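Starting off with a structure, shown below.
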Amino acid sequence: MVDTRVSLSGLTLDNPIIPASGTFGYGYEFANLYDINILGSFSFKGTTREERFGNPTPRIAECTGGMINSVGLQNPGIDKVISEEMPKIKKCFKKKVIANISGFSLDEYKYLAERMNGEKQVGIIEVNISCPNVHNGGMSFGTDEKSAYEVTKAVKSVTDKPVYMKLSPNVTDIKKIAKACEDAGADGISLINTLMGMRIDVKTRKCVVANKMGGFSGSAIFPVAVRMVYEVFDTVKIPIIGMGGISSAKDVAEMMLAGASAVQIGAANLVNPYACRDIINDLPKIMKKYNIEKLSDIIGGAHNG
Amino acid sequence: MVDTRVSLSGLTLDNPIIPASGTFGYGYEFANLYDINILGSFSFKGTTREERFGNPTPRIAECTGGMINSVGLQNPGIDKVISEEMPKIKKCFKKKVIANISGFSLDEYKYLAERMNGEKQVGIIEVNISCPNVHNGGMSFGTDEKSAYEVTKAVKSVTDKPVYMKLSPNVTDIKKIAKACEDAGADGISLINTLMGMRIDVKTRKCVVANKMGGFSGSAIFPVAVRMVYEVFDTVKIPIIGMGGISSAKDVAEMMLAGASAVQIGAANLVNPYACRDIINDLPKIMKKYNIEKLSDIIGGAHNG
Amino acid sequence: MKREIFMIESNRKIAKNVYEMTLFGDASEISKPGQFVNIKLDGLYLRRPISVCDTDGKSLTLVYKVVGEGTEKMSELSHGNSLDILLPLGNGYDISKGENSVIIGGGVGVPPMYMLCKKLLEIGRNPVVILGFNTKDEVFYADKFEKLGVKTIVTTADGSFGKKGFVTDALKEIKTYSYFFACGPEPMLKAVCNESKTSGQLSFEERMGCGFGACMGCSCKTKYGAKRICKDGPVLEKEEIIW
Amino acid sequence: MKREIFMIESNRKIAKNVYEMTLFGDASEISKPGQFVNIKLDGLYLRRPISVCDTDGKSLTLVYKVVGEGTEKMSELSHGNSLDILLPLGNGYDISKGENSVIIGGGVGVPPMYMLCKKLLEIGRNPVVILGFNTKDEVFYADKFEKLGVKTIVTTADGSFGKKGFVTDALKEIKTYSYFFACGPEPMLKAVCNESKTSGQLSFEERMGCGFGACMGCSCKTKYGAKRICKDGPVLEKEEIIW
């Protein structure tokens, strides 16, 4: 029997597979397709203080090997997430979940973390300082060391749950941002969020998504994600949840070799709703193929030599 | 008859198609395949002061929709480029070429520009401040506004040929870098160079390219390139040569709608050596399909409304 | 919803740029007209949503127009090729509503109306059908509706086939209906809502990420809050729509 | 060099993970053994370089080992499928050199040696052939070389077929040769150079961007300066190699 367990800040996961925020809703669409309790955990849709409809449609564009989304954090707001969604999650998922939060001010981040701190099923608070789809918020916190430091401090001051800072790849030096988060007390780093991308419809001569730009994700961004996880692993001591373009068990191994303790699967869930189940099923096979007994042994393995 | 002409700082090209530096050698490998005089122009391999072998091999990795290279500016050095390669170019290409230069110091950039200034066939000097494949040089000039400004000033002071600054996409704010170049007197902007990427071989648990990271290019990066060209078009008044993942005539139109006055084709030449010829042949077809009479009319067309 | 491999039985051109594809595979979960399927195509990242035009549980008929890369690829497939399909998706039309209904289909909004019409006939209704196209070359399925034995009015914008004008021109002349079902381009749907005084159900299109409710890519605002076109739609009731 | 669509005639397994593919198409430009072709495969970005194993100008035989995604895809193709191929690439072996030669092929370094052997025979030479494999299951083409009428020695590392040991063990026992041609994994090539006192030509592998000299992806340092394995190689002379 191969051992696929990994641990994140004291939380042991049966396997490193975690659906990524925004691509798995609150889990129950997928619970109709397979028993989602096979997952390591899952990160639910980004939560904000107020209810948000998000950006105007169209919000989706096709790209070679990926897609652009400009959903813009559509969610019912923290009150309803806690009163309506969390109880529904509880019914279909027995393990700890990752609460992804997004704010437009330090105060909002703090408020959200405080509220999530009271939720028993929340195992990790994932702080999205990297959403490219909302103006005056989100990403700007993640593109500047000082703000990244401040958000981390603020969130850490109000929760005793592990705090993972989710970083934007749209920066000159990801190492500096990650280090600032670690210095401010972050328990881990999630990366990468989407790359900023754009498609233009040659027929209409207009941007495909109404918001013009959006977040580019899917297989196409995998090499950028692997590179950033590798760089951050060299820079910080806290665990990394790696993501960006993962769509197979082999990709999972590659991301872990770069330095990820666990991984998230995003866009792949949208084109293959069984993606996470398929990957979990394939993990033992590729472990056998590549002589991996304990999956956690390979974390950062590409840094040796 | 459709009109495919575009102009760059006073230089009129028969069409906007320019093979990108590093993917077309000095042209003569391709001149055996088709008459390269159909091209708008071409940008030859990055030239440095000294001869360079470049990075150790392996230097190439496969990616979904693209590739990583870590060639590291292999070239025979400016003396031989001028004494041996330029005469050979002259034999197979009758139009102006773009001289791509790369330095490790302000002085080196200046020296190279001065030397290229004496070459009659050089129509544009393209200053690569974005090579991700050489340490202590190249890219660091392109990730910082101040250095970008300084290199531009230095180069401009020694040449009367149009100077195009080639920018790195691995930055938080491409607009600021482009603006700094414009402020320093750049005649145009070339973008994007490659994204920093990495692949790891799961079997050997080592990075695929010997240099660990490399430059990621090809179709996969197209949405990032379109976005950056769009942003820079909003920011500067000087012309933009757009590149990054272009592989079809439709991609050319999309890049021009984003704001490019001309385009470069890189990795596509490597997998289809006839890529530029095929695109040039297809241009009139797609112009007809999308009701474009004069190709230059669509430059920046996606910015209206 | 399930993911199923379908085998293509046939794929033929039935009008200008319009193809009819028939496939074999388990389509038994399709319960309502107006539901759709989401098709994976080689070399493309996102699936392509296409309405169910007809099904007997073991086979599937799709009718699609070539408008871009994906539908172009579909048109190149033939007997023996297989397709990876997610189905069934969407809410579909609620046929329990509206006794004397008019079915209005415009362009590639026509295909789902064929299954809708069959289902209405099955429960004893007798709808009137209006099909709108731009021009003669683009007309398809008029004969198939007629064979179902329903009154079928075809309009073309240029008058080259059937009645000259828009579906709303035809709708004006029908006096006795009390409900409508519509599918077509958004301007047509809006015109129908403006023209008709009755209630009705309309099917919408939106660019989709997943097609099954997970990504919030396809949301629209309705009078009852945000709805996902893929999951809470594509069929919405006239009364809830915010134009 | 040209780009040509080849039709697959057959594709069969000939040893453990090793396949032989025959194709039809214009291969008339191939002029030397040791040249290679570069194959485009659906869904992969870069082409895959494979040595020419045999050709009569109108057809092509390739022998390849499944080691990753690309060769896996190749193994799934069959009669009637077509492949987009660039050819011919590389310098190839110079057969004018070396009268009494030994041909040494290791693993998937064996295929180009087949065409080399035929060409040497055509110009009246009579080479000795050494083929090295790890184990019996991996042995291929030993019979084909024998049918050419040349002395063929097979070695396997574990002794399960032919002579036990490495190609260098077999080479040691050949007293009279004055030149060698080698292709195989780099450690084998190095061992051959160390073992043999004669001159020779060796074919190298490197990860390639283009395969035709444009990208500098495949450079190596030689005593006469940087060379591109794809264009100035893959065959290098023993004397110029820097190990």
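By letter and in written order, the chains are A, B, C and D; residue numbering begins at 1 in each of them.
Criterion: a contact is a pair of C-beta atoms (placed from the backbone, for glycine too) under 8 Å apart; a residue touches a chain by one contact, two chains touch by 3 or more.
All values reported here derive from a predicted model rather than from experimental measurement.
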item: From chain B, the most remote chain by mean C-alpha position; value: C
item: Chain B and chain C: spacing of chain centres that average the CA atoms, whole Å; value: 46
item: Gap in Å, rounded to a whole number, between the CA centres of chain D and chain B; value: 36
item: Per-residue overlap in chain D, given as positions that touch at least 2 other chains; value: none
item: Of all residues in chain B, the ones touching two or more other chains; value: 61, 63-66, 219
item: Chain-level touch network, classified as line, ring, star, complete or other; value: ring
item: Each pair of chains that touches, named by its two labels; value: A-B, A-C, B-D, C-D
item: In the complex with chain C, residue positions of chain D that touch it; value: 42-43
item: Chain A partner contacts - residues on chain B that touch it in the complex; value: 61, 63-66, 68, 143, 170-173, 195-200, 202-203, 205-207, 212-213, 216, 219-224, 226-227, 230, 245, 250, 253-254, 257-258, 286, 290, 298, 301-302, 304-305
item: Interfacial residue positions of chain B with respect to chain D in the complex; value: 22-25, 29-30, 32-33, 45, 53-54, 57-67, 69, 71, 74, 208, 218-219, 267, 269-274
item: Residues on chain D engaged by chain B in the complex (per definition of touch); value: 1-3, 40, 44-47, 86, 206-210, 212-221, 226, 231
